[in-house]
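Encoded as structure tokens, the structure appears first; notes follow it.
Per-chain residue numbering starts at 1, and chain names A, B, C and D are given in the order in which the chains are listed.
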């Protein structure tokens, strides 16, 4: 396959829709083990990003992701802003100069993004953060030569739900210590929507 | 929600213009940003001092802008850290070539946004150093977790780093004394009533008529325990003892004391708390060099207070006494 | 009642010792009284400046003690005027032979107790003069009734009379400039929530979730009307317009502005109110010489604010800018 | 009759008892059109005064009233302190040097006290203050050569009750304007107790 500018735009469009539709849910999750602004922050930033890239013409995917990264960083705020921003920036870097992008390139870019999140957040799997969705999903993607959208969806969903069992050691949720167990991590939920949107785009490309 | 505001989503913008108009000769607003700087920024031959974070902690942080203290404050939405680009613009607004020192309260959002802004600035050849304040002993100190929160003790870091910068110190020298301050400052707070984020419209948490929460954070983050409200003496004792468990003070040590109101608590009650805190320190033979009683690091209209102790040496004493023009921390 | 206190009947005594311990080098407590004075009282070759009244208005009045402002404050029980003998002792504590000037808020209790104390002192040959502040435009001005209340504008009278005294003026000269200040200062306040006198245990009044009271006094005395709470802009407009009806200001007149918090209202909201007040004055071509935003004359933990305008001439400007060491009104 | 030191002490003792018994009522009245401290203030001050003079030996009535005046001034506070204090001080002055005091002297002293209250408070009859009890009672007393306790009680009671109809123009109650009508003035109530106590003492002297 060849992941092009329109795919990138489409991905963000779908992701933004899902986040907007679930703004309340994300905020509710963040009220329980955070400060209740994750939905507000994400919806504000992704909406802005979707508009920016939608209105603009691009001749390569790297630039699309660069604009997305910059908008998210300046509009999301909180912890999620720099984290998602970093991920998209690394993704953009890793695709720089490529005029055709195959599935392997995309997965490599995403895994650079994950590395960025972990460095930026000084976090690893098992701390009840969005890393707990990104890492299993990207591992899953790395194992296949071609995209397997259904598996991506399953893995993301299971990973997101599994954050319930984790005791948070990073982010605001960490202040809740044991009390953070039993609740889904808001950032993992928004990451789930992100990969759900990507899977749908990849499905479209195949058919 | 009962507040004296206009549009709940415009409170930060409205506040900024109200602040500037209150002190047009001291403060400057960088158009199109949420950054406030000294009127005379950038100050040549001086490291630029920057702090900030979510709004709702007034007078922190803009009230501490002035010669001898901060060069700029970057304001986020209420209780939400400012975004990377805002911090980045603040860095550019105060760099005179000597570099910029940023004072960050230890919250993931603040740390990440200030750090990224720093990287962007450094990529342009601007020298940036920073310190992360984590004085809240209600949270256990751990490098495996987010760690301790930054609360009222941050104001002492502003004052001391600001004085050092005012004396023409280098970025490295400022970092050194700021780290010393962070290593020697401890705080703990408690609340008897909640606060409401304007955009949320609902109280962040609720306390029963008889309840108080000990160890609460300045955004209403969970504390150590909820229990029936006791006397000012018992509250002062619990906060002070917890701090003293964490910072061993021995006879003749000298400290600065800050009794900070969280928003709705009258000065009268803060003085009543101070009475007991001073008594406890006296009984331990600890010398109080200076005491600050008032609202320094608030949480909107939360009812409650925090106690902060800063252990002093000669350098810190000198810097604490250094003149400051900051509206909310004037020192002659 | 939820307060950070010990014995509700001891709050004033507890507060006094907490205040003294916060500033042992600046303040002195006259044993066996509720009088606080400058550490260096009596100040030779200077008229002693005295104010006071019921407690619960902190930082008024003890926060305004210091070179360039008050020599002493006499504290009554919460919201109750101090008794004759306390005021009398305060007069004696600050008279250095040049006489004593007392600044009284216009409440029957305060006026009567200060006046009688004055007579007792005069009977002993101490020269005493006084001014009665009545800046609250919410009450109609009448010589047949108790007349207007003294509220936040009183702080400007402290500042200006204090500066005059610091410059070595005579009792008569101080009285003259204090009266000029009173003639040119107007205020009005509003509340969105009540306060509770510790000894009473119950809120002094109650407001519905949607109600505010416009024109309320600093002890919760009735205002002009109760109505649904509006926006900060509308509140600022109503308070300012009412003041301007009473003090005709014409283009190019210069004023000092004070946006005063009554206790529970965050600084953020006071700045939002200031934004609109400044806009109104600008549109009228009135020049703002200085603006003060903060808690200057509170009513325990009452939620609300007041707006004060002081019309300035060159003499008042000079005295307003004169240095002050008062902890809560520092001027460099 | 001869009004002596014991009569003066007895008067204050009875007055203090009545005020103590009705502390709540006085405070309630002051809550409606004042700041709710009249009962607290009066009880505190009169109790102190009663103790002071009770423990002390006196060889003339003037000194008893002087001590009462001073204690009230320093312990009552508010508006009532200086007002009642002034009244007792003037009473003391007017009896100074007299070693025997007849009814005429007493009435003269009380009317000096009333003048003191009016000067101090810049108040006259009809402003809903304690003057509205003091003036009619003293007028009544001036009309008889010997004490007529029943009349004194009646006049005081009627005068106190009549303050209901007045709109306050002095003291805190004045801030309530029209709303002050329909409520008894707290200071007039405490003055009623004062004259009730005096009448009882005078009754005792006659029998």
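Keep in mind that, in the parts below, a contact is a pair of C-beta atoms (placed from the backbone, for glycine too) under 8 Å apart; a residue touches a chain by one contact, two chains touch by 3 or more.
All of these numbers come straight from a predicted model, not from anything done at the bench.
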Both-way neighbours, i.e. chains that touch subunit C and touch subunit A: B
Maximum centroid distance from subunit D, chain identifier (CA atoms): A
Geometric centre distance via CA averages, subunit D-subunit C, whole Å: 33
Centre distance in Å when subunit A and subunit D are each reduced to the mean of their C-alpha atoms: 81
Distance between the centres, which are taken as Cα means, of subunit D and subunit B, whole angstrom: 57
Residues within subunit B bordering two or more other chains: none
Set of subunit A residues in contact with two or more other chains: none
Complex contact set, residues of subunit C against subunit B: 2-6, 11, 14-15, 17-19, 21-23, 55-56, 58-59, 63, 192-193, 209-210, 229, 231-233, 235, 259, 263-275, 278, 288, 291-293, 295, 298, 300-301, 303-305, 325, 330, 332
Touching residues on subunit B, where the partner in the complex is subunit A: 76-77, 79-86, 107-109, 112-113, 115-116, 139, 144-146, 149, 197, 199-200, 204, 217, 219-222
Contact set on subunit A toward subunit B in their complex: 35-37, 40-41, 70, 73-79, 81-83, 85-86, 120-121, 169-172, 174-176, 179
